[in-house]
Each structure stands twice: as C-alpha cells, then as structure tokens.
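Right after this note come the structures.
Each of the two complexes below includes chain A, the first together with chain B, the second together with chain C.
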Partner chain A sequence: MSLFSYIMRRVLISLLTVFVVVSITFFLMNLMPGDPFIGNKAVPKAIKDNLYAKYGLDKPLFERYLMYLGNLAKGDLGMSMTYKNQKVINVIKQAFPVSADLGIRSLIFGVIGGLLLGVIAALHHNGPWDTTATLLAIIGVSIPGFLIGTLVQYIFGFLFSNVIKDVFNTTYQLIPIARWEGFRYTLLPSFALGFSSLALTSRMMRTSMLDVLHQDYIKTAKSKGLTPLQVTWRHTIRNAILPVITVLGPMTAAIMTGTFVIEKIFAIPGLGKFFVQSVQMYDYTMILGLTLFFSTFLIFMNLVVDIAYGFIDPRIRLAKGKA
Partner chain B sequence: MNFRQSLLMFCIAVAVAVAVVPVFAADPANLNIHIGIEPPNLDQHSIFRDETIPLMNLLFEGLVRSDGKGGYVPGMAEKWEASADGLEYTFTIRKGATWSNGDPVTAADFVYGLRRALDPATASMYSYILYPFRNAQAVNEGELPAEMVGVRAEGDKVTYTLEHPTSYILSILAMPFAMPGNRDFIEPLGGDYASDANLLVSNGPYTLKEWRHSDRLVLAKNPRYWNAEDIKLDTITVYVISDSDDAVDLFLEKELDLVDVPDHYLGDFEARGLAGPAYSDGAVFYLEFNIRDPVLSNSKIRKAIAYALDREALVRDVLANGSLPAMSVVAPSISSGAGGFYRDLVPQHFNDHDVAAAKALLAEAMLELGVERLPPLTLISDDGDRMKNISTLIQRMVRSSLGIDVRIQSLPFRERLERMYDGDFQIILAGLGPDYDDPMTYLEQWSTGGLFNFSGYVSAEYDRLIGLASAEADPEERLAHLEAAESLLMEDMPIAPVYFRMRNWAHQADVTGIVRRSLWPDPDLYRAEKTRK
Partner chain C sequence: MLLELKDLKVSFDTYAGEVQAVRGVSFSLDKGEVVALVGESGCGKSVTAQSVMGLLAKPAGRIKSGSIKIEGVEASGFSEKQWEGIRGKKIGMIFQDPMTSLNPTMTIGAQISEGLIRHQGMNKKQALERAEEMLKLVEIPNVQERIHQYPHEFSGGMRQRAMIAIALACNPELVIADEPTTALDVTIQAQVLDLLKNLQQKLETAVIIITHDLGVVASIAQRVMVMYGGIIVEAGNLKDIYYEGKHPYTWGLMKSIPRLDRTKADELSPIEGTPPDLFAPPAGCPFADRCDWCMKVCKTDMPPLHKVSETHSVACWLLHDGAPKVESPLVPHGATGARKSKGARHV
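So, the complex of A and B:
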C-alpha cells in the first residue's frame, strides 16, 4: 500500500469521525435547556416566534438535523444566531487567521525554546543548566497561562511603563499589554501562550534525551569516533524527538484554534472566545461550525504527525506493505 | 567626547525620538471609544443588542434627532406637523438628504424602513416599540401584509398614522427601527446586509469605514451629511472590548476617551478626579413578587416587605454612587408628556423604611392567612457583586424588621432571566430600563399580558387606567390616568421598587459634547469634540 492510499484511507476515516462528532454534538447541544434569543429585555411572543421561524428553530429536531446535514454537504455552515447577519464560515475566516498567527508564534517560541532547553538540560544532566531548565519547566507547567499573562502585563504595563514614564516622561508603551496591532503587540501574548508548551516540550525532550543517552548505540557512536555534535544531532535528538512530535499534533491544533483566556486577557480578536461564547449564548450553528472546524483541524494535524514520523524515523512504516 | 561616542549618542537619541514621537503625533480629531460586544449586525431595522444603538445614532439618522437636552430637533425631516386629533404626523424630508452612496433619501425610504422593521421575516427583536403605529402589531404578527402599516409617502412628505395619540412619538421616530432603508441597496444583499463595512449604506453623520470583526469599527465623517459642518470629529474608532476592567486600564492609559466606571473603580476615579457626574440611565430596580405563591398572593405581605426596606441606607452603603431610593416605578429622568418631568409632578407613593406600617400590615396578613409564622421566602438575584450585596442587605432588613427569613439564590444573568420569564420564583430582584420617553414605558409592563409582568398580576382596574391613558389625547387628563395607575400599582404592590440606578462614567479632559442620558442613544456622540494639546 502506497503512502497515497494510506492517506486516502485516513481521510475517509476522518470524514466518518467528523460526521459522528457533528451528529453527537447536534443532539447533545439541543438537549441543553435554553434559548438562543434571550435578550436583556423580554419581548412579545410573536417576535420570539418570528425569530424562531427565521432560524428554522420552529421545525422538529430531526428535520433540522437533516437540513443541517444537507446544508453542510453544500458547504454551508449557516448563519450565526448571536451575530445575526454573519455566516459562521465568515466568523471562522475572520478570526482563525488571528488565532493561527498567535498560535504559530507561540509554537515557534514554545517548541524551539523547549527543545533547546530540553537538549541542554539533558546534556548537562544534574548540572546548573539542568536545574535551571527543570525549574523553568516546573514553573511553566504549574502556572496557568492566564496567570503568566496577567503577570507579564503587570510587569510591562505597570513596572516597565513606570520606568519609561520616569525616564522619558511619556506614557508610550514599547511593549503593549493588550490589543493586536503589530509585531510589538504579539510579544507578550505569544510568550504567555507559548510558555506552557515550552515547559511541556522541554520536560519531554529532557526525559526522552536522557533515556536515549543511556542506549548502547550512543556508546557505539561515541566509540566509533563521532564528534559530540554528530552524536547529539544524528543519534540522540533524532531518536529522542519522537514523543515530542506525538504531542505536537494535538498541541498545534489546540493552540492555533485560539485560546479563550489568553485572547481575552490580551484583547486579541481570535477564535478562542467563540468556543465559549457560542455555548453560553446557545448559538447552535456556531457551536456546530466550530466543533466541525476544530475536529477537522485536529484530525488533520494528527495525520500530519503520523506522516512526519515516517520521515524522522525510517523504522516507522505507515504503509505496511506485504512482507 | 570623541566622534564615535557622539555618533553613538546621536543614534540613541534618534532611536528614542522615533519611539516617542507617535505619542505627540496623535490625530486631533479621532475619538476612541469601546463597545462591550462585537455588534451582532448594524442593521438599523433589526437591532439585537442595545450596545449597538450609539453606533446606529452616528451611522444613521431618522426624521428627528435628540437635541441632547430631552427634546428633538429636525434630522432627515426639515419640519413636521401633527393633526389636531394627534393621530397623524406629516414630515417633510429635507432637500439634500443623501445616502452615503449618493442616492437621495426619500419619503419612500421611510415607508420601506418601517415596513421592513415590522415584517415578520426581518424578525426584529425590538419591533414591538413600533406598535403605536397603526396596524403595526398585526403586521408584525403576520396577520396583515406590511403595506397595511400606518405610513405613506407623497412626494417629499411622509405621513404616519397612529393607533392612539402618542405624545412621545418623536422619541420613537428618532430610534433606529424607524429610520429609512435604501431598498435598492438592501434587497439584493438579503441576509448579508449590514454585516460588513462595504455591505452598509448609511445616511447619518458618519459612515462605516472599516469593520475588523471582534476588534474594532472605524467610523469616518460623512461629507455628504447635510449638517457635516457641525460634525467635529473626523473619525470615531470603536474598539470591541468585552472586559470592563480592560477598558478602564486603556482609559487610564488615555487609549480610550470615554469609559463607564465599574463600581469597584469608582473610589479610584474619584481620588484621581476623573469621575464625571453620575447620570440616571432610567433603570428602576425592584423586587418582583410571584402572586401565584400562596403566601405572596397576600398583598399585605408584599406591602409589608416593600415598606420594611431601608432604601436610604441601601443607596448610601451598598451602591454609594448617587443612585436614588425608589418608592415608585417611573424614573426621575422621564418626561411627563404634559411638560416637565413626571417625577417632579407626581410624588413617590409611600415612605421609605416605614417599619411600623410594615409590622401592622404583616400582623393583618398573618391573621388573614391564619398562620403564626411565615415560611422562609426565596429571593433570586444575579450573581454579580452588586446584586449579591443588595440582596444580602434586603435579606437582613426583612429579617430584622419583620422576622421573615429570606433565602438568597444567586444565578448567572441568563439563568436568572429564564427563571423570571418562566415565572419560576418567589421573589426576584430585577431591573427595567425605559424604551421611550414616557411613564408608559414602565407602567404598561404590568398590565395584563405586559411584557415584564412576570408576577402574575391581573387587575381589571389597572388595565382600564392604562387603556384610558393610551387613548387620551389631552396631556393633563392622560397624566392623571398615569398617576392613578402608578398609585394603584403601588397599592397592589406586585413589585416593590428599590432604587433608581445612577451610572458613573468618565471622559478625557480634552473631550466635550458627549451626552449621557436615560434614553437611547446613550452615549450620544453627535456633538462630541476633541481638542488635543
């Protein structure tokens, strides 16, 4: 079986998975007691009826389900019930690039930084570098992102800006603490969001490296006279990185589709808030659209990871040919 | 200092200057404000959230516009006249009234606008506010075709026919729902209308230049607006910021020019001399009793609780922001319909903290109910700090004055609303703001089938008084009916008023002309100006 047919099979299974996810979400969501059109004011029943009719909520559940699937087949995710004139697909199109932008920055910071830290820590096992890296990792794993976010906001928005104010007599913010305007604005949120990935990656990399370093083939590599760099690069990292690659799929999907807390703290117009808000507001079409989007993205990232295995470790053969 | 050192110093100086200069180059005529939600849409005829109304006031213009002092001045209409019986209003559209795409604003646009707002297919949330127009309710409920609503155009004149004489009709015509619609622009777009900057055509002092969803909207001065010379700002940037603490931070950094001050910041703002004068937003907060409850069905119990509250202490100790004790329903900022403010003409209906009267009523009620001791009552409130504090104080007051145990149940806002809408409560702490400038905006709510009548209150006499007031053309007579109705409501006490809310806000010192008021649009930025440095 070639790589192509392997991918095709995975895509078919993925489609089925997404279908099941959407169906379960549809019915679970409709079990929630609540009304998408509840506002600050009570409105007459006739107006409620008009709204229900406009969004097709006056029809029986199963008919709505079939209608939704029919529209889905045509690529139509429907209109949001909270953002009345917005198509769900447009909301995703507008907000996802922002979240993805922030997510990629955080991943670059978190994964590359984490790998570096992990490698350095392992190579200097029990030395001061190791202690520092482990300490950072523990901080990163145990302090949640919103606390780190608030902390850096305090440091840069208050302490640092007070220094600037004293020295230059201006309220100009070199590193702004909120909003999404340009490169300067991406620094703090990328740091806050990427910090836990950094911690996780470095811990995994360190453990995995230590494991590999005790293997016989490392001794062999050393004894056949390879330079330390060659040993580390070709034999240690390449073998140690696999567990990190495994978590990278779900991590990428989770970070790139937006995080509610970090985006809220830094006032970033990303996708994160819609996940929470759509459930709070009973925005049925939005809940379904986002579930569909997220599950597809997650499945896709996992597929990418599986394929990446094959390139990094030739021993892993995705397409099991006949022996 | 040698050459290399001076060069280094020069480079540092340039770098610092480049970093600092943007502050001093601030655009003098841009106002930065914020909105708590991403607007669901900016469709003038189907607004879903009050928060967007200040924007509608800038993007669109109705026949008349608030003058910022409680009256209405010509907008798209240059003049108007009412028929002697008060049932017909004819407006003449001003010459030069133009849409932002260059189309003229015509009388027919107003006819189309009203029909569209009432069309059941538009499913406008607030269309009930338009029910004073003839046949509007029947059209909205799908019983009559849209053409039957009481509006017609002849040349440059648009004439509205009303169900009853409606003294506050101008305050309704100034609202977005009654604004014109550019049919040729709207119809081809269908459901996409007003969902993006290029999908909107406006006729107000500003146009929508940019809409970065969930981030910001940029409004730019509309050069085609008939009164463009009185519009002092070039742009208004509206940031979408849902967290009110974030908004306060940005205000303190001078990145926002206007902010509502949350309770917990009020002291800080006052200490810094930043707090503007509090203003009444017209909301009355009250305890609504469920009359279907066996104990609360007794009006004397309800009155006992109403009389026992020490509102003076509550507004002083808990709210501490200028809010006023309410022993009536109609807020002080509402016009009487017969000249002046209603509350100035009609005094409040009972005494605050009248424990003796409350105890006497309770004793009578216990006899009538044939009980020695009342079972504990449950009070539902929102779970915000302010509402929790208020309900705790009410709990203490009712227990100490009357010996009645009150249990508090704090619920998230939407859940509290659902319990209220379902009538699933004993006592609920709720608030009501005005839709239009007339006592009726509060009083009609507790007639049979009234929108906010969740108490199950039914009184033929109350309905009669509301009916009389609705149909009465003479302002003095009408006022008498309204007063009688409010008085009866406070006699039967399906709701016990607690306080009239005041709100706190602040603006930067270089900003003037912002009007805060209890009616839409609040804030009114039509006359805002900014003079920087």
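So, the complex of A and C:
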C-alpha cells in the first residue's frame, strides 16, 4: 500500500469518526434540560419565540440535526447562540492561534525537557539524578495545573516583585503573571501548562530507556567498542523514544486546543474558556463547533504521529509500492 | 600468547550479598586457537567471557582478583576508554540470540559499519563497502540489497551471520562466541557452525566458544575447558575430554548427549540436582553434592589441579593417590559409541 492510499483510507475513516462524534454530541447536548434562551431575566414570550425561530430551535430535533449536517457540509458552523453576531468559526479563528501558541511553547518545554530528564534519569538509574527526576515527575503528575499556576504567580508576582521593589524601587515586572502581550508574558503559563507533560514524558522516557538498556543489542553495540555517547544516542535513545512518540499525538491535541484553567488564571484570550462556557450557556452551535474542531485536530495529530512513527521505526514502515 | 587468565575471580554485589560467579579461572589462548568453554547454565562461562571483554554489568560486577592479559598487557584494571579500544578491534563478540542482539532501527550495513568507522578511521562510504565484503564473506546472498535492510527483514540464521560479520568486521585477533547456535534451528545450527569454522580457518582468528552442547564443541574446538561452579574442573584437548575424561561432571555431560547408537540399558541420563548456589559456594568441590563418587574430603577441601598429561588436567580428588580407583562409567558404551560416530559431524 502506498503512503497516499494509506492516508486516503485514514482520512475516510476519520471523516466517519468525526460524523459519529458530531451526531452523538448533537443528541446528547439536546438531552440537557434547558436551552440557550432560558436566562435569569424574564423575557417576554414573543421575543423568545422570535429567538427560537431565528436559530431554528422551534423545529423538531431531527430536522435540526439534518439542517446542521447540511450546513456543516457547506463548511458553515453556524452563529453562536450567546455571543451576538459572532460566527462560531470566527471565535475559533480568533482564539485558537493564542491557545496554539501557548500550547506549542508548553509542548517544547514539556516534551524536550521531559525527554532530557528521562534520559538522564535512566542513565543514572537509582542515582541522585534519577531521584531528582522522579521527584519532579511525581510533583508534575500529582499537583494540578491550577495550583502550579497560582504558585508561580505567587512566587514571581509577589515574592520576586517585592524583592525588585526593595532593591530597584520600581514596580516593573520582569516576568509578568498575567495577560498575553509578548515573550515575557508566555513564560509562566507555558511552564504551568507544560509541567504535567514534562512529568509524563520523563516518566515514559525513563521506563522506556531502562527497558532498552537491558536489550541484547545494547550489549552488541558496546561489544563493538562504541563510545558511551554513541551507544546512548544511536542505539538507546533511538529505540526508547518510539513508545513516547505515540502519546505525543493526543498530548499535542489536548494542549494546543487550550485549557480553561491555565488560560483563566493567566488571563489569556485562548480557546479554553469557550469549551466550558458554551456548555454552561447551552450555546449549541458553539458546543458542536468546538467538539468538531477538537476531534478533527486530535484525529489529525494521531495520523501525523502514525506517519512519523513509520519513518522512525522501520518495522512498521509501509512497504514501498507493494500491495 | 594472545590471552592469558590467571586465577580470575569475578563477583557480583547484590542486595542479597556477594555472588561469586567466577572463582579462580586460569587458562591461556594462542593466536588462531579454538577453545570451548563448556558447562551448564550459571557456572560462570559467560561471566568469564564478559570480563575478557570488559563488559561486566556495572556497577554490580567486578573483578575481585587475578589477572587478564591481552597480548601481554594487563587488562583487569583497564578504564572504560581503554576497553573501547579492545572491544570490536582486538576482540569481537557473537551473542546467543540473533533475534534480539541486532538493533531493530538500524540497517544491517550501518550496524556493521559502526565498528569500522570507530576503529579503522573509515568514512561512511568505505565502511559500507567493507560491510558489503563482510556480508559476502558470511555467505549472505543478494548483498547489494540486503545491506540496506533492517534486521526484521532477515531470518534468524541470516541475522546470526550478520552478527558474525559485525564481530569479524575489524579483523579481531579473538572472537568470543557466547552460545552462538543455541537459539537457532538445528539445521541452521550446523550451517552457522560450519561458517564459523571456515572463517576461523580462513582468517586465523582465535575463538572462544561458549556452549553447553558438547556436540557443538566436537565440531569446532581444539581444546575444551569444562566449567562448573565458577571453576574449571577439567581441561584438555578434544580427545582428552571425549575419550579420557576423568571428572565425574564431564562423564555426566557426556552421558547426557543424545546418541543414535545408544542401547536401551544405557539411556540418556541427566545429571541429578542443580549447580551450587554461588552466594555461598561450598568449601570443597562444587560438584560434590551431585557426584556419585563423592568422598569425605570432597565436601571439605577444594580438589587440587591434577595433571594427567601435558595437555590434560583435572580438578578431582579421585585422581589423588589415596583415592579408590574408579573406572569411567562411559566405558565400554561411551567410548565405543564415540569412536563409531567419529566420522559424523556431531558426536
């Protein structure tokens, strides 16, 4: 099977998956008691009826479902039901780049840091480096992001700022703790968001490295008289990184599409808050649009990882030109 | 003298205590010689080989005492850096399981080239050319294509051939083959042994072959050392061990080889029991507990090495002047049997 037909097949399966996801979300969402226009304010019935008519909510469920699918086929995600005159697609267009920016920074920090930490820990198995890495990983896995977020805010926004204030007599913030206005602003949220991926990656890499280090081919590599660096780089890491790559797909999708908590804490105008708010506000079109976006992105990342995996691991490389 | 071990003692430090894996092994090896280290699992064969390669598992394994001389140079205190100059260049190694001893993410060509680039100062292209020659030497067909393939595209026998190519790539003086045929099919075993034997004669490389299979030994080795409980219990040339073996453990090994001419009365008999616990090795002969001829002295004192002839030595109390005379249980069946099958490849 050629790479092209492989990708085509995967794309078809993906489309089917997305269709199922959208359908299930559509009906589940409508099972929620209430609707977008049951607010706290008492709205006159006539206005309410007009609103229902405008958004097509007066029609039977199945008809609305078909309508949504029809619009979707045309590439139209519809209008938001809570933000006035905002298309769902525009919300995503505006907020996703910010989330993706933050996500990529966190991933670079988390994945590269995690891999390094994992390698160091495995090479110093049971030594002080290993203990340090393990400790970091346990902290990263067990302390939730919002706590780490507030903690670094406290350290840099309060303790550190106080020191600066005392020494230089200025309120200048070297490392700002909120908003999204330049490189300095990205440091703390990237750290807070990337820390758990760092922990996860380092754990996986360490386990995988230890496994590979006991393989016979490492003995073979040593018996050739290769330097420790050559053995580690060409033989150990190259094989140990394979299982870690598989988790990178879902991890990337989850981190790049925004996280409610971190974005809220650091006042970052990302996509995260829309995931939560849309559900609270019964913003049907937004819920569907975001679900669709997230699942498409996740499936896409998994496909990318699968293809990348084939390039790195010759055993699952697609046979060239053969059936 | 290519390799000389003197009273080598190797221990592993574990949480449970010290494991004395090798407890005083001495032997020497000339250029181009083929020597077999024989014995069952856990008697120190592989550890002996690993210490000759400087490949003892760090930090648990350590050379406790004794000396390893490689071409006259004392190597037991070598640094990791010095060992790198020995491994692959002076001594090559072939491992037991070809399915797991090749890196799955590197082409065969690249895996052979690595050592050449490291030790012979070749560039990638030269090394790959030499790798091609090596693959031809180990009789792999279609070399042009095969060299760019990965281990999973090779069969078990071919992988072991590739492994042999890796070990021989830099023209080492000595190749250590650690159970090179154990993981292969019987038919492939014979092919790989033949290849190893031919290459050994062609390249005049010395070989230490580690095995528990006396059949393998007979087809390739000139000298045999039988190891048990971390010591060499009997050493001699092929004839000494096969026809004039003196140690009860050697007899036991001989009796446990399946043979076509064996009569019903002389059934295949395993050696009862298991090798001694090397956490607390016995004070006397390590084989005493399993020996049918065990005497009082065997339990308390280590038997001295008794020279039977110029080439043949045995560590057994039965050869002491005061001991009762014991005939080898292999006579008459064993001896005649062995002679009859002399022409066959496997004894």
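Details
Please note the rule applied: the second predicted complex is superposed on the first by the 314 of 323 C-alpha atoms of A that agree within 3 Å, B and C clash if a C-alpha of one lies under 4 Å from a C-alpha of the other, contacts with A are read in each partner's own complex, and residues count from 1 in each chain.
Rule of thumb we're sticking to: contacts are C-beta pairs under 8 Å (C-beta built on N, C-alpha and C of every residue); 3 or more make two chains touch, one makes a residue touch a chain.
Values in this document were obtained by computation on a predicted structure and should not be read as measured data.
Partners chain B and chain C, brought together by superposition on chain A, fit side by side with no clash.
The partner of chain A that touches more of its residues, comparing chain B with chain C, is B.
Once the two complexes are laid over each other on the shared chain, residue contacts for A:D216 go to chain C alone; chain B is not touched.
When the two structures are aligned on the shared chain, A:D313 is found in touch with chain C, with no touch to chain B. Rounded in steps of 10, the angle chain B-chain A-chain C defined by Cα centres in the superposition reads 160°. Judged by the touch definition given at the top, the superposed model places A:A178 against chain B, while chain C stays out of reach.
Once the two complexes are overlaid on the shared chain, A:H235 sits against chain C while remaining clear of chain B.
Look at A:K74: by the touch rule set out above, it reaches neither chain B nor chain C. With chain A used as the common frame, chain B approaches chain C to a shortest CA-CA distance of 43 Å. Of all the residues in chain A, the ones that touch chain B in their complex are 33-35, 37-44, 46-47, 50-51, 53-54, 79, 82-86, 90-91, 94-95, 157, 168, 170-174, 177-180, 264, 267, 269-270, 273, 280. Contact residues on chain B toward chain A in their complex (touch as defined above): 16, 19-20, 22-23, 38-41, 43, 46, 48-50, 120-128, 137, 140-142, 191-195, 212-215, 239-243, 246, 249-250, 253-254, 414, 417-418, 421, 451-452, 454. Of all residues in chain A, only 215-217, 219-228, 230, 234-235, 238-239, 242, 312-315 touch chain C in the complex they form.
Those residues of chain C that touch chain A in the complex are listed here as 53, 55, 80, 83-89, 92-93, 95-97, 100-107, 111, 114-115, 118-119, 150, 152, 163, 166-167.
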